[in-house]
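Below are two complexes that have subunit A in common, paired first with subunit B and then with subunit C.
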Partner chain A sequence: MFADYSMSELGAIFAMQGFAGLILFSVFVLMALGLAIIFGQMGVINMAHGEFMILGAYVTYLVSNFFAAYLPALFSAYFFLAMILAFIASGALGLFVEWAMIRHLYKRPLDTLLATWGLSLILQQLYRSIFGAREVGVSIPDWMMGSMPVTDLIEIPINGIFVMVLAVGISLAVYVMMFRSGWGKQVRAINQNRVMAGAVGINTEWTDRMTYGIGCGVAGVAGSAFTMIGSTGPTAGQLYIVDTFLVVVFGGAASLLGTIASAFSISQAQSIMEFFLSGSMAKVLTLLIIVGILMIRPQGLFAMKLRK
Partner chain B sequence: MKANALFTRSEMIGFAILACVIFLLLPAVLDTFRLNLFGKYLTYSFVAIGLALCWGAGGILSLGQGVFFGLGGYCMAMFLKLEASTPENTAIQSTPGIPDFMDWNQLTALPWWWEPFHSLTFALFAVVAVPVVFAFIIGVAMFRRRVGGVYFAIITQAFAAILTILIIGQQGFTGGVNGITDLRTLLGWDIRTDEAKETLYYVNGILLFAVLFAAQFVRRSKLGRLLIAMRDQEDRVRFSGYDVASFKIFIFCLGAGFAGIGGAMFTLQVGFMSPTLVGIVPSIEMVIFCAVGGRLSILGAVYGALLVNWAKTTFSESFPELWLFGLGGLFIAVVMAFPNGLAGIWVEKIEPRLLKAFKKSPAPASPAQQSTPAE
Partner chain C sequence: MTDETSKKPNSGVNRRAVLAGGTALTASLFLPKQLKAAEYPTAEINTTGLAVTDDTVTIGILHSITGTMAISETGSVQAEKLAIEQINAQGGILGRKIEYIQEDGGSDWPTFAEKAKKLLVNDKVASVMGCWTSASRKAVLPVFEQYNGFLYYPTFYEGLEQSPNVIYTGQEATQQIIAGLDWVAKEKGAKSFYLLGSDYIWPRTSNKIARKHIENYLDGAKVVGEEYYPLGHTQFNSVINKIRLKKPDVIYAIVVGGSNVAFYKQLKAAGIDMTKESPLVLTISVTEDEIRGIGGENIEGAYACMKYFQSLTNDNNEAFVKSFKEMWGDDMVIGDVTQAAYLGPWLWKAAVEKAGSFDVDKVRAATPGIELTSAPEGYVKVHDNHHLWSKTRVGLAKADGQYDVVFETADLVEPDPFPEGYQ
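After this line comes the complex of A and B, so read on.
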């Protein structure tokens, strides 16, 4: 299969596919980070995670329309406001859902799975009723359009770079929150031993609620970033939920570094295989490899050594 | 009645009532079209019974039951499709004698793994064997390594995704997103006529009772008690010297076999099989059938499948927008308010009152019904 291409063309193909893989990687990381916080630290299966993400995407869509209509002068900067609003909207919904539903189900993880699935159905239908069944696209500002030529053969799209920068930024922010803040310390303490954490004076209920809210908020930001490279429909979230869960499980649920490493390997494997196989076969093969590895190593790539 | 008999008295009454509903009441009040619809719902209850054993009794939540339902259904559909694709029927194709979708996808010969499906015996064997073997492989890989609970659920869900993508992607071999359609006869017997549909409904009902008896037998056996013990305290069962993984693999395979039979009956009654019945969404809906009926009760599973699907048809006919709200709300309500579903409401609320009304002392409920799920 390589015979038809010259060496430099082949190099360019790998570079371009690798870059496409990096964009996919950024999307996976953005989505998986929120899930890694909620699933990894709290053990809650949030099947509605994709819908929290889509909420962020719709918020971005609304903000961009608002700027286009009323503040065209500032249009090139609307995205930063949209991101913050997406975080607040998804986070607030997350806080409410935790209060109304999740906190009653902490002892029944399989039941949270069903309940959040129900929530995701309701949210999907809500989006469909409000925004219509068709996918909506966000008009991205001029400075994000076009692509940057690196060599004669290799070009990389600017919106892709932007999403990557965003993924790195948010990963750093999550890292700082988890490992350098008081809240992060409390979350990790509760994850290790809930009863003891409560006994030393950590307000476990409050911390749980904040954790869930922040996880959902990060999902909202992911959705916001997602609009830069694709369009948004009511069921777009559901397409990614299994991938995202596999990313988190494959990485080792409680490890942020593992999540990033697994997002990287999965996205690279998929996009490089996509060039040589059809898209669906690449996906099947990637998923099979992940499941195969998980069968051999159920704890994932980076497992925390815990005594149970 | 002996304590180790197959049924307690209340269970026997329950079975009898269900038999009356399926064999007498529904055929009497419904026209052929509606009866065929209920036959379709009943095929889902095969899956729900399997889930009641795996999830309710064994604590293994599989989100991939659609895979087994689909595999069983596809095995049946492949046989029927080959029978429908005689060289005479497909004379206009560039390669007569192969299924139409293969011809559309420029295939010129039947793939080798389609060949055995010319035989009905093999197809019927495959309907059960393929899902069971598949479940066995997954089960051995997962349970031997003590993967369970949430991880198992996610991985079975991944399998549902994989199989759907595979079926849709390999259009030439599987019929793609449309599935295998235009099925006509079973050994020359036209399955599309009204009489055939009624006959198939009764065959379906008899098979359902066979599966119910098998499930009841498992539940009342030592295996059934061990399953519940494993669900509640897996380590203690293991320390008592039982091989926990083997029991889990067995019950998972049993559930898969049930689902396969359901899938085959679905194909026969509805006349097609497609990836929309395999994927993540249908698989998780099958869990809600079981949850609504009561995850601990095999009879509840049947009623749950009937009720949810009936509601789905009724609501999506008249208020298509409301149905997803309703289904979503059902998921949340059944988890938050009625974790034991309809069967739980029956056992806790209605049955004691009925017994009081008849002035009898309450019959002891079976141990499976008394225990609550601890997850």
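After this line comes the complex of A and C, so read on.
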């Protein structure tokens, strides 16, 4: 396979391939963080996660249209505002959904699967009625769509760097919130023992609502960022949901660190195998390995030690 | 089997019907399409109990208007409704207005079969315009064959099928593929090809045909890679690196659905400028419809090979684009399949008038040889194998989401759903 190439060419390809793996890692982290909060910390199997992401993408679409029409001078910077609005919109929808639906289901975690799946169908149809069945084209500012030449042979996609920076930023933010803030302590307390947490004076209802809202908001930001690399349509959220659950479950549902470790290992395995094998085969092998590992370690890579 | 036995005692009727059809056709040529319903008593033109009254005929429209495929199938529904409205404005078929019953396949193949049965058995529709994916067509096929329905199927597809109950108004694979490969080899001097596709029957069959053609018929050309990705795959950075390594002259891409958007955006972000044509991107899966989701600026410079582009300059097409936009809004775009869907009702009208009957067996017998001079894509003709003779064209994608037609075959390309030497 490599006989005809010089060392420098091979070096460049492998560097770019390593980078492709890192981009995939960042994409997985962005996808999974929101779900890791909701599924991992609250035990809610949120099948509508993809639709919360797509809400963020549609918000980005609206903001880009607004800037193109009214503020063309600032178009190249609209994306930052779009991400903030995506967080607010998805988060607000999350708060509402938690209040209307999820809070009645905390004692029946399996039913959340059905309820949120229904929610995802409702949201898809809502998007279809509002934005039409076709995918919408989101215009991305030019500076984000090119590539950056590092050497003569190596070119790095700028949107990839953007996604990486964003993934690191959001991971840090979530880490600080979960492990360095009072709210994080409350979330973890509720996760360990809901009744006891309530008894010591934690407002569990409020904390649950905020947790769900923040998880959905993070999904919205991810969706906003993915307009750079993927499609925006009523059913586009479905493209991400399987990978997202895979990453979270494989990492060990309750552990944020596990989510990141699992995103890293899955993305590297997949991107390396995609390079040497064909696309479908890479996917099959990745899934097989994950199934194998989960059979040996059903609790995932990183499991919290709990007294049951 | 039952067809054969039921045809024989009817052969006398058949001949009369053909004669009547003949006069109808001449009449329609001289008088601008105003056939009087009274000249065609319902009892004579409908001997099998279809939904035909003295002044209406009912047909079915069967597409997905919900679910994943709604993105693609909406345009087909719109085109079919436009054709029906135009036919009615001209006086209908055999003096009867077309009414339609629309059913939603819901992007779910068993639902398609169920709805097809409903249309044929409960509603007794005279014909059906419908389906989009091959999977949905395969699902309804047994239903149409069992109840002797008649389906007009609009999508370009992989071929390897020829049902007596289906008219394929889109191109089959060889029509779409071979002309484009010949063009890119001759005009662009392409020698090495990287085949890429979504992982299901249409891209795989199409790439198989492409590979055979490249290896057996193009001088010194070779395939340097062939890859498939699951439907809905959104990460193409690895394959883009692989393509960089192999340095093909042409990336032959048959990626569909949401993956399409991801593929072209990432190709551009990876610094592969398609307008430089090194490598050149040639696709058979991106119509103007798909470009709306991808964004014109992300696919500018790629070539697409199919039979119709919205930018075609001929009177038929200009009138078609104008009325389509009048009916459905100025921001509409029209892709290859939408145009093929538009042909369905017109081909059926021509066949019914030629047969002088709505009976499916007579319409089927009258269908081969039907010509349309008013098709937006230009002249088309129905082949004995139920596919259309049509020209194949290559378009160059522009930033505004439209294609410039840069090549068109001199003659109509013969449909060949079971190509020898390509399987």
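By our rule, the second predicted complex is superposed on the first by the 298 of 308 C-alpha atoms of A that agree within 3 Å, B and C clash if a C-alpha of one lies under 4 Å from a C-alpha of the other, contacts with A are read in each partner's own complex, and residues count from 1 in each chain.
We adopt the following convention: a contact is a pair of C-beta atoms (placed from the backbone, for glycine too) under 8 Å apart; a residue touches a chain by one contact, two chains touch by 3 or more.
No experiment lies behind these values; they were computed from the predicted model shown.
By the touch criterion stated above, A:Lys283 is placed in contact with subunit B and with subunit C alike. When the two complexes are overlaid on their common chain A, residue A:Ala20 makes contact with subunit C while staying clear of subunit B.
Of the two partner chains placed around the shared chain by superposition, subunit C is the only one that A:Gly230 touches, whereas subunit B remains out of contact. In the superposition on chain A, A:Met295 makes contact with subunit B only, not with subunit C. In the superposition on chain A, A:Ser129 makes contact with subunit B only, not with subunit C. Contact with subunit B, but none with subunit C, is seen for A:Gly118 once the two complexes are overlaid on the shared chain. When the shared chain is aligned, subunit B comes close enough to touch A:Gly43, but subunit C does not. By the touch criterion stated above, A:Ser171 is placed in contact with neither subunit B nor subunit C.
Contacts of subunit A with subunit B, set against its contacts with subunit C after fitting on chain A, overlap at residues 125, 128, 238, 278-280, 283.
Contact residues on subunit A toward subunit B in their complex (touch as defined above): 43, 45, 101, 104-105, 107-115, 117-122, 124-125, 128-129, 238, 242, 245-246, 249, 278-281, 283-284, 287-288, 290-291, 294-296, 298. Contact residues on subunit A toward subunit C in their complex (touch as defined above): 5, 9, 13, 16-17, 19-21, 23-24, 27, 125, 128, 132-140, 145-147, 149, 155, 157-160, 226, 228-236, 238-240, 270-271, 274-275, 278-280, 283.
Remark: subunit C residues 65-68, 70-71, 74, 199, 226-230, 232-235, 237-242, 244-245, 258, 260-262, 265-266, 268-271, 289, 291-298 touch subunit A in the complex. Those residues of subunit B that touch subunit A in the shared complex are 55, 61, 63, 141-142, 145-147, 149-151, 153-155, 157-159, 161-162, 165-166, 168-169, 280-281, 284, 287-288, 291, 321, 324-325, 327-332, 334-336, 339, 373, 375.
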